[in-house]
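This is the structure I want to talk about, given as structure tokens.
Which chain is which? They are A, B, C and D, in the order written, and residues in each are numbered from 1.
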Amino acid sequence: MKILVFGQLTDIIGQHEYVMESIDEMKVSSLRQQLLNNYPALLGKKYLIAVNKKMADDNAKIEATDEIALLPPFSGG
Amino acid sequence: MKILVFGQLTDIIGQHEYVMESIDEMKVSSLRQQLLNNYPALLGKKYLIAVNKKMADDNAKIEATDEIALLPPFSGG
Amino acid sequence: MSERKPKNIFVQGAVAPAFIGDSIAKHATNTKIGGHSIFLGQVRADEIEGKKVTGIEYTAYEDMALQKMFEIREDIFAKYPLTCMHVYHSLGVVAEGEICLFVFTSSAHRKAAIDACTECVERIKAELPVWGKEIFAENDYQWKVNS
Amino acid sequence: MSERKPKNIFVQGAVAPAFIGDSIAKHATNTKIGGHSIFLGQVRADEIEGKKVTGIEYTAYEDMALQKMFEIREDIFAKYPLTCMHVYHSLGVVAEGEICLFVFTSSAHRKAAIDACTECVERIKAELPVWGKEIFAENDYQWKVNS
């Protein structure tokens, strides 16, 4: 599962893109939990998760081939 | 009394600036009446009168040395 | 703070786009600015009863307009935390497609710049003794009416 | 009317004031335009806890941002009678005093251009996956927060 990391989250995860071993299919909420296990510094950090470039809520399902992105609060402009 | 004429009123009065013989002091309302007598085509035309570059209402007094201006609706910009 | 005085806003003919670019560039040295808002009025080639507008000829009661613009400027600086505000209005003929009004406000944050610019444009249109004469291709004209 | 497709809005580094002037000049041929509204974001040299911002480094989730910008553009064209709308956002480092965002809307009448420009700026700030990293003179940084 390809995971893109942006903004201040790159300070925690240390890279802009990485591949996470995935169970075949999971919910966004499970991904959040797994990320927190791997990176405890994510605790309390606000971020949205996009699946294939669309915002996904916690109940959305993710497949191994999806493009996942971790999006902290936007600060463009 | 020096009278400046602007915008569409120049089409009626035919000039941008003229000197009108004046009684020593008069009200703006009297000036309006006298202008209408001189230029009947002013009938129904909307315009404001400025005295010394300030808007004046019908009761304001005008002296012979004042600078009068006839201001039809603005259309700048 | 030094007292502000009436500034000339009138330019002969159109406002050149390169002049606008230069005005923007000059603000790079003011690093307290976070947002600029610009309004530009452009002469439309309206068709009115089959006649085509080819330009607008602007005249003004200049002394009174500059005094009124000074009041507007003072009001807007009192109301919004602006770093600066610039206004240019054409006199004489401005051809279709050319710029006749340039209002430029800058502030630390966008909201003040945007609101001040909009308010300034509305007040210029409503309060400045300026008149536009719409010139038709047919060697004819009509006096512009602001909406 | 031909179908609109996502357009690139990203430029490397600052938006040059001369580019803005050129963009304005190009609209002279569209003589249905009566008003342009422009918003420019400029990088402020803020001082934060004694440290001075010397620039902002922008990164974006580009594909998603362009798709979102396309949606915003479609919404705004559906809501306002615009003749055109242009958006440019910087990527990479933009120094203090330089322009990082250029939003440009045009319409026959001023209100549509002004309202569309303001709405576009607000949506860009709230909805585009773009991040700014405020770079301090002290070889340090912090992530920008939009207000």
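What we mean here is this: contacts are C-beta pairs under 8 Å (C-beta built on N, C-alpha and C of every residue); 3 or more make two chains touch, one makes a residue touch a chain.
Predicted, not measured: the structure shown is a model, and the values here were computed from it.
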| item | value |
| --- | --- |
| Touch-network distance, chain B to chain D, counted in steps | 2 |
| Centroid comparison with chain C (C-alpha atoms), farthest chain | A |
| Approximate Å spacing (C-alpha centroids) for the pair chain A, chain C | 49 |
| Where chain C and chain D are represented by their mean Cα positions, the distance between them in whole Å | 23 |
| Chain A and chain B: spacing of chain centres that average the CA atoms, whole Å | 73 |
| CA centroid of chain B to CA centroid of chain C, Å | 27 |
| Contacts with two or more other chains, residues of chain D listed in rising order | 41, 121 |
| Numbers and ranges of chain B residues touching at least 2 other chains | none |
| Touching pairs - complete list by chain label | A-D, B-C, C-D |
| Chain A partner contacts - residues on chain D that touch it in the complex | 41, 58-61, 63-65, 67, 89, 100-101, 121, 124-133, 143-146 |
| Touching residues on chain C, where the partner in the complex is chain D | 17-22, 24-25, 27-45, 96-99, 106, 108-110, 113-114, 118, 121, 147 |
| In the complex with chain C, residue positions of chain B that touch it | 4, 6-8, 50, 53, 69, 71-77 |
